[in-house]
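The following blocks contain the structures, represented as structure tokens.
Common to both upcoming complexes is chain A, partnered first by chain B, then by chain C.
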Partner chain A sequence: MPDTVEKKSAKVKLRELQDKIAQDAWDAKNRGEKVGWCASNFPQEITTTMGIAVVYPENMGAAVGAKGGGQRMCEYAEGMGYSGDLCSYSRINFAYADLKKCEELEIPFPDFLLCCNNICNCMMKWYENLAIELDIPLLMIDIPHLTKEKCDPERIKYIRAQFDDCIRQLEEITGKKMDYDKLNEVMAVSQRSSKAWLRAVSYMSATPSPFSGFDIFNNMAVACVGRGTPEAAEAFEALADEYEELVKEGKSTFKGEEKYRVLFEGIACWSNLKFTYKALQSRGVNVTASIYGPAFSFLYGSMDELMAAYAYVPNSNCFEKEVSLRVIDARKNKVDGAVFHMNRSCKNWSGKLYEMERQFKEQTGVPTIVFDGDQSDPRAFSEAQYDTRVEALVEIMEQNKKEGK
Partner chain B sequence: MADLSTMIAGLKAISPKEELKKAVSAGKKVIGIMPYFCPEELVYASGMVPLGLWGADMQANESKRYYPAFICSILHTVLEMGIKGKLNDLSGIMIPASCDSLKSMGANWQYGVKTVPVINVSIAQNRKIPAGKEYTASQFKKVRDELSKISGKEITDEAIIDAIKVYNENRKALREFSFLAGKHPEAISPADRNAVIKAGYFMDRKEHTKAVLAISAELASLPESSFRGAKVVTSGILADSPSLLKIFEDLHIAVVDDQIAHESLNFRTDVPIIESDPIMGMAERIAEIEGCSVLFDPGKKRGQELVKLAQDAGADGIIWIMTKFCDPEEYDYVPVKRMIDKAGIPLLAVEVDRQMVNYEQARNAIEAFSETLC
Partner chain C sequence: MAADIFTLGIDVGSTTSKCLILGNGEEIISSAIIPAGTGTSGPGRALEAALSEAMLSRQDIAAVTATGYGRNSFEGADYIVSELSCHAIGAHAMFPDAKTVIDIGGQDAKAISIENGKLGSFVMNDKCAAGTGRFLDVMARVLELDVSELAEKDAMAGRVIPISSTCTVFAESEVISQLSKNVDICDLVAGIHASVAVRTASLVRRLGLTPPLAMTGGVAQNAGIVRALSKELGEEISVSPLCQLAGAYGAAIHGFNKLKGRK
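Coming up: the complex of A and B.
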């Protein structure tokens, strides 16, 4: 026991790591080093290896939303001329770029921008605008949307050429050199983190799941951006160990009895996180499946596979693969139903959501609901609609249980 | 003038529905072409018939089972027509992934329409670097092979070069027409201008070129224009709404040039002929296109281009035709507006939608804007 008492919990390690990533960027900025703003699914292997500090406006958008500043910042951006139709993360970021302050969270201002459009093309437009607003260089890795399950060799060649170009440009901008031996080490550490992440989320298949599925939303940020560091690998290994232990003990961090298990599809409604969580938790519904589980693993064994891995992120895959990822995860994790978030911010995700829901339902046989919301703009979310739909879902799941389905 | 009116009326009468029926009756296969910048020349080279699909002014109902309401009406209405069986005579539909909404169009079409196969088109966004051009060319070659399977015959490089020449001649004719239309607003209304350009999406390109050249010849012979209304350059994705164009005409507003994806952006840049690899020439064209929101534009050259277009055409102002729910356009608007403001050119943004019925708000805004120009 003393051993476990002295050990930091994985949650603490992950929080500290997140804080460290943020602090490293401030420190680098204060030392006069060049700092970048970076798309969340930009190949982190490049910046981690080169020791270049970057921060993630998407993470800032989520945090500002969660801390209650989403609407204020979005409205400010709308006052600048940006349409309320646009991604709320980008609106928050445009507001911050203009205001240069934000009471909920601030990130150091960038000297360059690193964009990758694998998750959406909106990213590309967003960063084009930032480059103009801030008058700084924009480096982009274009990862064309997949329409087949496997990434073709032509895509890999194209991504690789951009990867190399990007490194050359970053060397010029920052004065730091790429060390390819170190890149191999970072790739190996990233694999260690990814495998630990996969092991951690795999315990969601246990009954009860050892944790509340909403925790994934918090942990995936580090899984996404910090996985190339030994600290991240250690934190995820600790997380997986903790979950393993909880499973052995039949315990869970989910508060209350886990009566129902659901897949939660889409980005969290950060501005309404508590409400969306409580409406489920109070009815004994735990999230035991999410695309963030399997999809942020980035498994690869070679440079070519590394290129392909960035084409296999959610929303870059072909539609059939996207559906099958959810279905496999839902079956493995024994869900009783699914909650689909029609995210007003994300046209890429929302454009396919209705058909995805239909195919998911058909293939899994579980009931589903769709609700309207937004990742960081609370104006697109209705508590009444969400609550009513969750209630309806619970009723069907309850009936199904009674009928032994 | 009678000749000119007759010629324009002929192009206005071109109906995509009839053209599709005619082609199919003649035993030809037809391929639907969605925006943006699909390799249409390959369809022509295959002996099949390309048919542009930019949606229709109609209410969308069935498409709402696939797309939420906040996706643009171009995609909604193309899908609506597909689901309702209006495009069943197509032998394929080319769908690129140029914007986030288009990324799900392929799947929505595949599961919603079922009868018409999808030909996915992938275009590099880092389109100016050699690797980007190679990638686009590699994907166009896959499209060529899919078209070969549908047409049942090999598409040779010679046939592709011939098709490129046909399209380049068409583009050149349209550029000349656009220039002359800008010089003669008294003879060419905004609706006429749009109709002449739009007909090309449904007609055989050679026939279209002939018709456009004939119109241009008439325009070139006209005396200097006595038009005294406001002259504008339009910018956006699509500006073919009859109601909107009627407002322009009613208010004596002439379109003297445009930066519209459906119009000049489609014919401003030719495909260079590369004998050894003609498809690479098509990728080179994509690399050269400027001013379109769905193509990567790190320096927002769109703004500089638009200012230059307005200055070169002697425009009094710019009207930004904002296609509702088009996020690439909504992103571009803010920085480009700033560039236009800096150049001292009056700008008005008007939001339009294929499902829009009431244009009164647009009329009031355009009227107020036009009064400031004259």
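Coming up: the complex of A and C.
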């Protein structure tokens, strides 16, 4: 059994950096600067370079869910007339936009909105609605869904044109200027962060994995919003170094013996994070593969490649490529099974999940389960239903091991 | 030869508790079904009834294996196993050739593939408990029938009145609405069965329809459901009089196998 180790300082650094990014936004707001609400897969290189403070309603939705406020906020939004079928992040955000307070977490109110539809289609209407309700400008970048593996030059040209126009509008709104030399620096720093993040998650292929796979859900927040800062690059490099050291020592932050290794597909059930984790951990199941590994690293060497990188994110990428990313990750990280989250919030993701599971299973040969849940609305999740599926998966994995499969 | 190793399987379901005692992993010594599930006196009563019928005491049982929705809250289990594994094992014991098992329980429906006599893979109902045993209980109550009478009514149906709502409560309203039109109750029962069959068949297809098929769980006692499901899938479905005990049967076998493994 690997020795259990305390949380390392890289995690603390990442948490502090996350807090700092949040505080920077409040400080900017208090100084009278324009602050934006921003979609998680919007090119952060733009705002980081221009020194524009933005905050992320999706991250707030996850945090509110994790802290137990998801249902209350969702129910409030439903009382306003929003459908319960809408994404729970959007419902939490609509509730916050109306209430202007939230006991779990608050973010500064926006002066403009930055939306990008590469992660979600619901988000276009979500942000359009906010723009009308709050009477503020909305800047939208349309990233066409990829229908083949490579992002073609026409798409890149189309995205680039919007990128340029977005910068021009942001300059008007905020009064801050884009410095293209600085953009190159930010792109270089983002590359450092992305490569370090990829190196960190690559250690999941070790046996045992040096960390509990659920850690990814927490660490990816900074990978998502702050990777263009030197502090983020340093923190991710420290994280990768720590994992490398743990691999050498045969240690892990995963509590207990790692008997089975699984891929966890989808966004976490933030409101039920503890239960979903414990049901796996208590049976010796560690998550050693997740699309959050490869998905939140944006590798590029030029402006055109930067444009293309934002088309390769999950939900914008072509389906076959998405399946193959998971299959490659699962094989490399030697998974014994897979857990697919049917996230009722995300129609984009849940709509393709059964087919993704079918193809994944066919290509890897490992057993899979699908469970119903939601990223931040606990009403879609049943503990007993989840637990039964996990238990049965473990029984199949145990049998497979006995039979040497 | 008289059995000398007794193993007991108890399937603590959401609506019913089932218990079965096995001798030497093969001979069914006794069984009990109590229509009260987890959190009630049902599990204890099922256990006592099975022991009493077998004229055994708890000390005579070499291994107790709990399964079903209430498996974790059952005290005194030597092993706890998911109902998916237990139904696969139990169904294999009843139907050694079966490749696919359909189990409709009180709150969920499952399609299970059997590999080497054990659980291979499975698909369960998603989102809600529509099309499960509880759904049929509600419908029977609206029709002022006992759930055991549904099969008989189904057999007399001249046509199938479609019930389209997925939600149990809305489906109940649909049935009430049909009743107010004075439709033949037998046709309505056939429609209720068809709606369950369509939902269950989609699970089987998603798993991969591999015959021979068998059905376990309490709902398998309803010949109307079995007939509708068989028609929907275009395959024969084997059913045993012990279908409701399949989970407990599989649990008792599992306990015996564990003991054998220890030796």
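Keep in mind that, in the parts below, the second predicted complex is superposed on the first by the 397 of 405 C-alpha atoms of A that agree within 3 Å, B and C clash if a C-alpha of one lies under 4 Å from a C-alpha of the other, contacts with A are read in each partner's own complex, and residues count from 1 in each chain.
Here, contacts are C-beta pairs under 8 Å (C-beta built on N, C-alpha and C of every residue); 3 or more make two chains touch, one makes a residue touch a chain.
Fair warning: this is a prediction, and the values are worked out from it, not measured in the lab.
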>> One more residue to check, A:Tyr354. First (chain B), second (chain C), both or neither?
In response: both
>> Between chain B and chain C, whom does A:Leu263 touch in the aligned arrangement: first, second, both, or neither?
In response: neither
>> Applying the document's definition of touch, where does A:Ala384 land relative to chain B and chain C: first, second, both, or neither?
In response: second
> Which of the two partners, first being chain B and second being chain C, lies in contact with A:Ala63: first, second, both, or neither?
Replying inline: neither
>> Output check: A:Pro367 vs chain B and chain C. Expected answer is one of first, second, both, neither. What do you get?
In response: second
>> Which partner chains sit in contact with A:Met342 here, chain B, chain C, both or neither? Use first/second/both/neither.
In response: both
> Between chain B (first) and chain C (second), which does A:Ala232 come into contact with in this model arrangement: first, second, both, or neither?
Replying inline: neither
> More residues of chain A in touch with chain C or with chain B?
Replying inline: B
> Is A:Cys120 touching the first partner chain B, the second partner chain C, both, or neither of them?
Replying inline: first
>> Going by the contact definition given at the top, which residues of chain A touch chain B in one complex and chain C in the other?
In response: 342, 344, 354
> Considering the complex alone, what residue numbers of chain A touch chain B?
Replying inline: 80-83, 85-87, 90, 94, 117, 120-122, 124-126, 128-129, 131-133, 138, 140-142, 144-145, 147, 154-155, 157-158, 161-162, 165, 315, 318-320, 342, 344, 346-348, 350-355, 359
>> Going by the contact rule set out above, which residues of chain B touch chain A in the complex?
In response: 65-68, 70-71, 97-101, 103-108, 110-112, 120, 122-126, 129-132, 134-135, 138-139, 293-294, 296-300, 325, 327-328, 330-335, 337
> Which part of chain C faces chain A closely enough to touch in the complex?
Replying inline: 69, 72, 81-85, 108, 116, 118-124, 126-127, 206
> chain C touches which residues of chain A in the complex?
Replying inline: 342, 344, 354, 358, 361, 367-370, 372, 384-385, 387-389, 391-392, 395-396, 399, 403
